[in-house]
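By written order: A, B, C and D. Residues from 1 in each chain.
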Amino acid sequence: MSERYSASEMMTVTASRALTNGQSCFVGIGLPSEAANLARLTHAPDVVLIYESGTLETKPDVLPLSIGDGELCETALTTVSVPEMFRYWVQGGKIDVGFLGAAQIDKYANLNTTLIGDYTDPKVRLPGGGGAPEMATATGEIFITLKQSKRTFVEAVDFVTTVGFGRDGTARDGVPNIGKGPTRVITDLCVMQPDPTTKELTVTSLHPGVTRADVIEATGWDIAFADDVSETAEPDDQELTVLRELKTRTEKHHAES
Amino acid sequence: MAEFLSLAEAVDRYVADGATVALEGFTHLIPFAAGHEIIRQKKRDLTLIRMTPDLIYDQMIGAGCAKKLIFSWGGNPGVGSLHRLRDAVEKGWPHQIEILEHSHAAMANAFEAGAAGLPLAILRGYIGSDLPKVNDQIKFIDCPFTGEKLAAVPSIRPDVSIVHAQKADKHGNVLVEGIIGVQKEAVLAAKHSIVTVEEIVDELDCGPNACVIPAWVITAVAKAPGGAKPSYTHGYYPRSNKFYKDWDPISRDRDAFNAWLDEHVFNTTADNGASA
Amino acid sequence: MAEFLSLAEAVDRYVADGATVALEGFTHLIPFAAGHEIIRQKKRDLTLIRMTPDLIYDQMIGAGCAKKLIFSWGGNPGVGSLHRLRDAVEKGWPHQIEILEHSHAAMANAFEAGAAGLPLAILRGYIGSDLPKVNDQIKFIDCPFTGEKLAAVPSIRPDVSIVHAQKADKHGNVLVEGIIGVQKEAVLAAKHSIVTVEEIVDELDCGPNACVIPAWVITAVAKAPGGAKPSYTHGYYPRSNKFYKDWDPISRDRDAFNAWLDEHVFNTTADNGASA
Amino acid sequence: MSERYSASEMMTVTASRALTNGQSCFVGIGLPSEAANLARLTHAPDVVLIYESGTLETKPDVLPLSIGDGELCETALTTVSVPEMFRYWVQGGKIDVGFLGAAQIDKYANLNTTLIGDYTDPKVRLPGGGGAPEMATATGEIFITLKQSKRTFVEAVDFVTTVGFGRDGTARDGVPNIGKGPTRVITDLCVMQPDPTTKELTVTSLHPGVTRADVIEATGWDIAFADDVSETAEPDDQELTVLRELKTRTEKHHAES
């Protein structure tokens, strides 16, 4: 691992690079929001950021704490109602990429944000689905970003809040009007992509300094590696500077109000 | 036609024990003052509907107002859990509550369908999700034109909806601006509605297509300056992100919560019940 | 992402013979300049969709562009009949056209459903009307929650939608203001879209919830000052009620119509095709 | 017939009086619009006028020629999209009274605005349904105003564009979420109301100077008279003044532009 950047910065920069300039991106709060705004402030100035609160093409100067911070509306092209957001923009197919986080993800990229344990007697009750279930099926594709650990990367999620490829990798087969689903998962260790045939998440690139053993250790199933695993490109200085400034501005802003 | 009432009077008159109630406001314009008044008036057995329960329902659930919660994302945004909600669901304190959960898309569509006077909303939703297994209100229909299977959920028609807005004019017409969420839909879908506002003005002074809820579809308008704090009112005051973070330790502990409730809700009156 | 094109280029590129086309604008902002360009370019076999065909489709039908018309109210507002439409339907001049008619509620819902990416719209509609007897695209479903019988119509998904608006910014984001009709829905529901505007400005300068159609869902933006005349553009010029009245005698007579078409459409170019 | 006012003025004033202050009224263009605005300018200043173009609570100074004249938007509380108008405001049950005109009406108050003759080979093609079909079922009640003649008041309409009480008077029976339908028809000769049992239109009041024979002569079916037919109250001077001024302003305005 580099002295120049942290694993978390490596994750955010890699996630940000997944976005292409000009794409429309539905942004989840937290890590996805950090990555998407970094993309906008670096290589993808014309990426269109959309938050489920109804803010279209927003350009926040600091990262929002909530999905509906005032900053999002003040810097948006326009703000629509939440029913319109989900009807015209999400379901209407206007979003290229849904950028999501998760509490738990499994081998087939299914996401659990509902609960740990049994539904009627939960061990831990999580927030629930929010915008993710339809995001995962209505957008062109899905990027997922979260920190990797055995607790979060499990063989099979306790509850499929948001479908990746289902319990056996076939959930999208033959379904009309459905997006490609998760095309990459970006963690603090590596990038995974679904195997073209089985849809099982497979490591396609390792971050600099990370070993296969590190990934295996942090994954709750017998993780597969692609034939040609590459090394993820390092963050450049400009990306790191912009990211750090963004986080500093954000912390200052949220501490004040 | 909207009647101007005090918040206490409006809550007393239109929020009955056992009622189905929606306090809406998507992160923005959350009607905290009204929620606190409901707590103060010790309303009980409410079915609470809200896409994002947020701190307001965490407080109402902790205070024992709720029998059931219908929601789609129950966290403290950017901070973590709603501990009062979790304590009720996981440990039954102060009593067990029933939950019915949806996705945001389904809830938003259900409010929209309620405003549109329909019994159901149709969406391309819940594909591959386990939510339909635990929510018997999610059904599926076949499109008679294409054969595509589509999700159907009942529309939301609350007994009373409560929202907060920037301002009302002297006739009771209300302007909602900024992140408008499902507020208009919540009001139009409900049998009765209460709108709290920052101020009452002569003219709304807005664009030709602004989100205005006409007086004749509102039951009561109550002036409640600061009524959305610690949430925010676009153009009036910002969100207290600090309060949302501070809420985490308060809400983790039953005693700390009760002490907070005593100090900030029970021992205050309607107009300064906003907690931040 | 919206491309700035001349109107002639936009019509040439995106309005193919045989296409399904919606030129929308509910009384206000009717895209006459674009309709005239379609006539000038002698587009044929179009399926024309519009809630209120108005003079624009009367002209296009009379000029022989249409194969089929999908509509919900086909009159000259406040004046009387659309005589070119009637001549085509009743006497097959210049050729027979097929019609498919709905109510406004069904058409508005079908545009809305098209924008929402759904295959159908559900409404409480057509009760007791004979329209379902003559329009096989109207079906009925039973609500899975209440058993109520509700009307279903296919959503509208045009090959190309064309609307007129006040202004675009330099990125191609468009502001629509005033009577906004189904313009936004028409654009969002279509495979391609052309928006004509009065002017192109640096900033749209509008309220936080204004009806803005973002550049990234528009195919082409064309500057067409006066492009809604003899209809109107809120904030720019009024409706020529006089022209709507004058149209009655012109349109009653095939020769008078052809003479008008020659003078005001064929012998002019795109930018001054507006006829009033 | 009076020298003081015309039959057409009698009709408009009577129609305007049907509206109660504070009601919300969906206004059709033409005679309904004239009557509804007269009501607003006289006894019902707080009547809420709604046009299908999306204009809520509009207060036009001159009568619109079209349903979407600029005047309607400029004087409205706010203007919503047309889908919202039909979904939230009409179907959502927010409208007390729908005020309609028609080309043809029959014994059971069914309206035809579609065509005369056969559908596939029409003798006269009329404009079509517009907003009326759902207006007739979604609003609390319907007022209809049109000039009376054998041509317009027919035994059975050629085409039921908009339902009154159906072909046999029973079309609303047992239908959930349906309004009362036509509760009064106001013509230049009389006021008719549906018989409480049969739903057949029945004369309940005759305008001053109009005889039963006049009405019979102008009706295409064997018109029934209520047991207690009253005389319609005459327009008062203020109503006539306001109506004439409104029409003068309107004619001047539309001639100019």
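The rule is short, and it goes like this: contacts are C-beta pairs under 8 Å (C-beta built on N, C-alpha and C of every residue); 3 or more make two chains touch, one makes a residue touch a chain.
Note that the structure is a prediction, hence the values are computed from the model and not measured.
**Q** Which chains lie in contact with each of subunit B and subunit D?
**A** In this structure, the chains that contact subunit D and also subunit B are C.
**Q** Tell me which chains count as touching both subunit A and subunit D.
**A** Both subunit A and subunit D are touched by B, C, going by the contact rule given at the top.
**Q** Between subunit C and subunit D, what is the gap in Å from one C-alpha centre to the other?
**A** 28
**Q** Centroid from C-alpha atoms only, then distance subunit A to subunit C, rounded to Å. What do you get?
**A** Their C-alpha centroids are separated by 40 Å.
**Q** What parts of subunit C, by residue number, touch at least two of the other chains?
**A** Within subunit C, residues 112, 117-118, 123-124, 146, 148, 178, 180, 184-185, 206, 208-211, 234 contact more than one other chain.
**Q** I need the residues of subunit A touching at least two other chains; which ones are they?
**A** Only 73-74, 79-80, 87, 91, 138, 177 qualify.
**Q** Mind giving me all the chain pairs that touch?
**A** A-B, A-C, B-C, B-D, C-D
**Q** Mind pulling up the subunit B residues that touch subunit A in the complex?
**A** Residues of subunit B touching subunit A: 26-28, 51-52, 71-75, 77-79, 81-82, 85-86, 89-90, 101-105, 108-109, 111-112, 123-131, 134, 146, 148, 178-182, 184-185, 211, 232, 234, 238-242, 244-245.
**Q** Can you tell me which positions in subunit C touch subunit B when the two form their complex?
**A** Counting only subunit C, the residues touching subunit B are 117-120, 122-124, 137, 139, 141, 143-146, 148, 150, 152, 154, 177-178, 180, 206-211, 234.
**Q** Flag every residue of subunit A that touches subunit C in the complex, lowest number first.
**A** Listed in rising order, the residues of subunit A that touch subunit C are 22, 24, 48, 56-57, 73-74, 76-80, 87-88, 91-94, 138, 177.
**Q** Show me the residue ranges of subunit C that touch subunit A in the complex, using the header's touch definition.
**A** 1, 112, 115-118, 173, 184-185, 188, 206, 208-212, 214, 216-217
**Q** Hey, which residues of subunit A end up touching subunit B in the complex?
**A** So the residues of subunit A touching subunit B come out as 29-30, 52-55, 64-70, 72-74, 79-83, 85-87, 90-91, 110, 114, 119, 122-134, 136-138, 159-163, 166, 171-172, 175-178, 254-257.
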